[in-house]
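By letter and in written order, the chains are A, B, C and D; residue numbering begins at 1 in each of them.
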Amino acid sequence: MPEEFEPKIVAFLCKWCSSAGSDLAGVSRMEYPPNVIPIQVMCSGSVSPLYIFSALNKGADGVLVSGCHPGDCHYIKGNMYARRRLALVKKLLEYIGLEPERFQVSWVSAAEGTKYTQIIKDLVKELKPLGPQTKLRRNP
Amino acid sequence: MVNIDNLKEEVKKLIVDGKVKYIIGYEKGRNGLMSNPIFIRKPEDVEKLVWDHSCVYNLAKFLVDEKRRKAREKQPDTKPVGVIVKGCDSRAIVVLLQEKFITRNDVYIIGLSCEKTGVVDERKLTKKLKQKIPEKIEAGEKDTFIITAADGKIEIPAEEILATRCLECKANFPVIYDVLFGEKTNRNVENPYKTLENIESLPQEGKWKFWEEQLSRCIRCYACRSACPMCYCDECVVDTINFAVTADTTAEEKAAKIKWLEKSPLSSENFVYHLVRAIHLAGRCVDCGECERVCPVHIPLRLLNKKLEKEAKELFGYEVGMDPSLPSLISCFKDEDPQDFIR
Amino acid sequence: MEKILTKKAFPQWIKKLESYKLYTPRKDEDIWNFEVTKDSENIELDYQNSVVSPKKIIFPQSEILLEFSSSGNNNLEIKEILPDNEAVVIFGLRPCDGRSLALIDKVFSGDFQDPYYWKRRNQTTLIGLSCLQPPSPNCFCLSVDGSPHSVEGLDILLTDLGDKFYVESLTEKGDKLLGKAKELFQEPKPEDKKAVKKIHLESEEKIKRRIKDIKSIPSKLKEMFDSPFWDEESLSCIRCGICTYLCPTCHCFDINDEVTSSSPLKGKRVRTWDTCQFPDFTMHSSGHNPRPDKASRLRQRMFHKFKYFVELYQNFQCIGCGRCISYCPVRIDIINVLDKVKDHGS
Amino acid sequence: MKRTGVFICHCGINIAGTVDIKKVAAELSCHPGVVHSEEYVYMCSDPGQNLIVQAIKEKKLDHIVVACCSPTLHETTFRNTAKSSGLNSFRCEIANIREQCSWVHKDMNKATEKAIKITKSAVEKVRRNESLEPLSVPVTRKALVIGGGIAGIQSALDLANSGFEVILVERSPSIGGHMIQLSETFPTLDCSQCILTPKMVEVSKYPKIKLMTYSEVQEVSGYVGNFKVKILKKPTYVKADKCNLCDECTKVCPILVPNEFDLGLTGRRAIYIPFPQAIPASYTLDIKACPGLLPIACGKCFDVCKPRAIDYDMKPQVIEEEVGAIIVATGYDLYDKENMAEYGYGKYADVLDGLQFERLCSASGPTKGKILRPSDHKEPKEVVFIQCSGSRDPEQHYPYCSKICCMYTAKHAMLYKHHVHDGQAYIFYIDIRSGGKGYEEFVQRAVEEDGVLYLRGKVSKIFEEKGKIKVWGVDTLTGKDIEIDADMVVLAMATRPSKGSEELAKKLKIALDKDGFLAEAHPKLRPVESITSGMFLAGAAQAPKDIPEAVAQASGAAAKAVSILSQERLYHAPTVAKVNLNLCTGCGMCVQVCPYEALSLKDGKVEVNDVLCEGCGTCSATCLRAAIQVKNLTPHQVHEMIKACLGG
């Protein structure tokens, strides 16, 4: 029997909320699939669209950007700029026919270990049936 | 109705009075119908000026060259450059002002209103005319064009050969100018995003198939960004060169140049290039259609930028190129910006 | 070898070429392009000319030269990647495009025989199709030692005589192709020979654009290196790569390593087209750029085609297809520029 | 060639339990640029750190990665280790393979694969880090305390006693806060005013303390050690230095409005002194109540004032101050009347809240310490106290426990019995929470000595009938329905953050928790700090608390502030934005998005104020040409990390 497809996910987590939240998931020993590799950034506002395109280009099957809830940004409003920028990226990627599941955004606070766990579980569940992302991927 | 003689008069006056460094306008094409850019310094050249429906170029692009040239000059001439603009071109100038690339004193804006019509799409025209070689084009009665070819005149309904962007233009007349010719009249546009529907209505895989076909043709001649007045960066982020190097650039800085994409025109790399370009033009593209016009392999690039123009309007109520004093689309936000896409 | 092939027999001949990878002109999105044919049954003969020249088949925009990989601790394995063995036929080249390959041949020969280029070149047979009508209003092949029916670089030249083709096989490769279906080809009658001469002459007259007295250009250019003329001429240039990428004779390339994995190290060395019209073409790592502006780049393009190349190979590096004129976003017209060069100073 | 060393920690079995450490070490050892790869059971232990020190010396490492727990825990530890062996501390990065990997996965192979990727991406990052030294800035050795309640007062005094200048800002005309309204305090029943007024006086007399009452903080900019504050001083229209408290003005003032100090149980004039012991001891002219500052409008007070203390032309003043630290002690308010309509609060005169009852008991109160019904001034014989009015009720009111009610209600019942010996006090409660020194004993005393009747249950209905207030409830212990004909009902209203604390938090850029209280930086380890460095929290503004707790936190906050003010210079993270002037076109988009006004345009290029920059990187994502980047998290580094994550 062939091995099940395991999507590769890159997650850009802001240091103060989402990264802390995912740490909390760890501290609380919640289990979630190991498909996601976190990259800690200072703020979701620092995630350039280039990072997302590049991750997909370099073979990510899915990309997650996660930051603080509106109003909770450690940098006051970085996530608000992110929200606007990422909305455009999402629309653009869907417009060129990339599966919407492949790029997702979430707000995860430092207290929401459970939410983070759930998001990763869902993400993996949604990406598995799609198979490998080849559209923007540079053939190796 | 724009009177060409008044235009010439104004231009001549500006040059004779030494009000401007030179004037960027349109002249009769060397071959074929379509006009060319002309840079007028001497009064006697003013006679070459033309204004008709073949004046497709967005001459604002040449303000970028001018700035570069100025930067190289020892004692630059600080007089403004005169530039002839249509509605869309004027919006480009607004964005350049918005982004402080130029100041209002750098440019003397001679605005020409398209007055309910616009410029022709050369491709549509050649298709329509088959083998005939057009010599002259004029606006006819009730929204038509009258083409004069070797063997007489033909009248064609405007929407058949008008550039699609003109059919979807939000302002037929300049939004900023020092002197304006023609009336501020708008063509009535029922749906400014009509062409998008063809793609938006496709299922996801259909969208992909469409864009894959289109973008795999790209030969990366970069004419799209070269023709774009908004692509004024000295060095495009997707270039792996280190163009902005000086004597004091450290080896680290040189090494830190990122290879966001490879030089090979693979579909994946083409996509990254065009995605980056599209997102970088979000809230900046004025829909002058130059990228699409110049593309030698006919990629409908306008459809990428137009999509984000639409989203900017619908999601954030942002309209491009209307007011130089406003912040850019992505350098501001509203508390009520939509976030239904966020988990 | 000269033959006659009836239009009826033509498809059968093409069918006989199944063993070859056959490129033919195809139209999509209103643009002509040479592509591997999907149905050899009905090949379009009434095309004008492709936007991207068929040089892309012999000299691809991007090709892998070698692959490298390391199994850790510093031992690097390198594998040369030559083009696959495959017999290729390009059908329907315009004679000018045929000539372009004859010109590029000179560049890739000499002291170093470029193995990648020559492998493709040698395994490809070129079937030209002489122009009855100028494919482009900007054709000027006659001015640059070419003609609508020139045979240089081709293996076979077909001339359309209405119900039949006049077939000239010019090389062994050509003969081999005809040999695939001897029975289909007849000996040309004298009137056929007359007809083809007539048609060829007529087609020449149809070429409207010329560069007069082109021979004087190289020497003229010589005096013009530092002339402000180039600033003037390049004012409207937007520094894109269309003129050079579409040019059938331009052959500059760049070589990059595309690293696909950094640990363990894996990747390929790739050759891609490059163009003197891009600012980074002459960019030094110091930051100095000997050709800092569009003026110097336009000048380079003219000098290379009409001076340097002539000095090296006694030919103009231009075959008069007019692509650079037709597709230039701002209609910089090479003929026009050269005319001005001639009159320069006088 | 960079020489990177990798150190993988087992963390006992915390990591080694699910990650094949040996494999990780082996994989990393062949990663380009890695010249040393080593594992150890506890890297953070002394022997562990010594391994690192040795390796750096012997292998001449110029960068190190420690794969272990979250950087929030041991980043500093290992950066110091690196520093101690001569590396710049930024040449050390942490790969979090515990919280992000071993603790959340079970499958050994997959967890190991992931750990390898995480560590590789850390290697790719660290080798591109630049050496940085912390930025240092001088400190303004002066503090601002916002709020003049007991917490604010305590902080101010502690700071002053530590030798620092303090500005104490209070928005009402006098300091004292809610504590000055109380009669006695639990569990000792000593007189609230008697213990507070000495401190208030001390504040007013202390030369190091600049007291600004009737003032509000308008704007705060700057950063820890160097805040700039704008304080709005509202006009009192009375010159405090001239006023001799003769009280003539109030006698002539025709206007009568409810008296905030007595919570509306009495009235006051438009010109008034909040209470006899007010600090500063001076009158205030309530402009909202006053018919107008013109002799023609009224002008009676002006005419009668002999010392000519009244000045109608007094204007609002904005005073600018520079301080190094800020303590926020804005206190609490009681839950609003209208929210408790179900208990007839605001409807029936004899349904009171805790603070009103305090006033009734207070010797300085409206009834001079006699407990009388507001409606008819009769002595109430049966009083019902209802706890948790608005607290612990997530459906309709606040989910949290207001904490002080159990104790003050016991106190109220007790005080009532002391005033009305033949009266009966009933207390409806959910639980009795009497944690605290002498608290439980206090409650017992109320039950045993004063015969207070505790009924465990909620009140269902309160309504007036024949001059009595009928209270229907149920005793959940006996299951019996209870009906009491009460003369007075006292509601232990929930405490909420004081009005206006939300706007203030915005000005100060500090966060609020879900209930609107000021959020502390860490619930356990940093309870008196806000997330904005240099700003501290004291008293009920952070969470409901009683006086001793508020005072303790106030002193804690003061101590924290001192730890900043006592520095010559402060150090600021050097991972700030830097500009590539060759690429910058001066479009100014980054300037627009910077949350800290750290960026500005100077002749066509962007300039970074390193001290203001917090390194969030919003600018870098906004810049279309990557001309502005945050040091040590540049797009180039992220690009390489992405590649490493994807095994590229």
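Here is the rule we use: a contact is a pair of C-beta atoms (placed from the backbone, for glycine too) under 8 Å apart; a residue touches a chain by one contact, two chains touch by 3 or more.
Every value quoted in this text rests on a predicted model; they were computed, and no experiment measured them.
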Between A-D and B-D, the pair joined by more C-beta contacts: A-D
Per-chain Cα centre nearest the global Cα centre, belonging to chain: A
Separation of chain B from chain D, taking each centre as the mean of its C-alpha atoms, in whole Å: 54
Whole-Å gap separating chain A and chain C, where each centre is the average of the chain's CA atoms: 47
Computed distance of Cα centres, chain D from chain A, in Å: 33
Chain A and chain B, separation of their C-alpha mean positions in angstrom: 35
Per-residue overlap in chain B, given as positions that touch at least 2 other chains: 237, 245-246, 249, 260, 262, 266, 330-331
Residue list for chain D, restricted to those that touch at least two other chains: 593, 622, 626, 635, 639, 643, 647-648
Overlap residues in chain A, where contacts from two or more other chains coincide: 49-50, 54, 77, 81, 85, 138, 140
Partner chain D, residues of chain B touching it in the complex: 99-101, 232-237, 244-246, 249, 252-253, 256-258, 260, 280, 327-328, 330-332
Residues of chain B that touch chain A when the two form their complex: 199-200, 202, 204-212, 237, 260-262, 266, 268-269, 271-272, 275-276, 278-279, 282, 304, 307-308, 311-312, 315-316, 329-331, 333, 335, 337-339, 341-343
Contacting residues of chain A [partner chain D, same complex]: 6, 8, 10, 20, 22-23, 25-27, 29-34, 37-43, 45-51, 54-55, 58-60, 72, 74-78, 81-82, 85, 117, 140
Contact footprint of chain B on chain C as seen in their complex: 29-31, 51-52, 61-62, 137-138, 235-236, 238-242, 245-246, 254, 256, 258, 270, 272, 275, 278-280, 283, 285-287, 289, 292-294, 325, 327, 329-331, 333, 336
Interfacial residue positions of chain C with respect to chain D in the complex: 72-73, 260-265
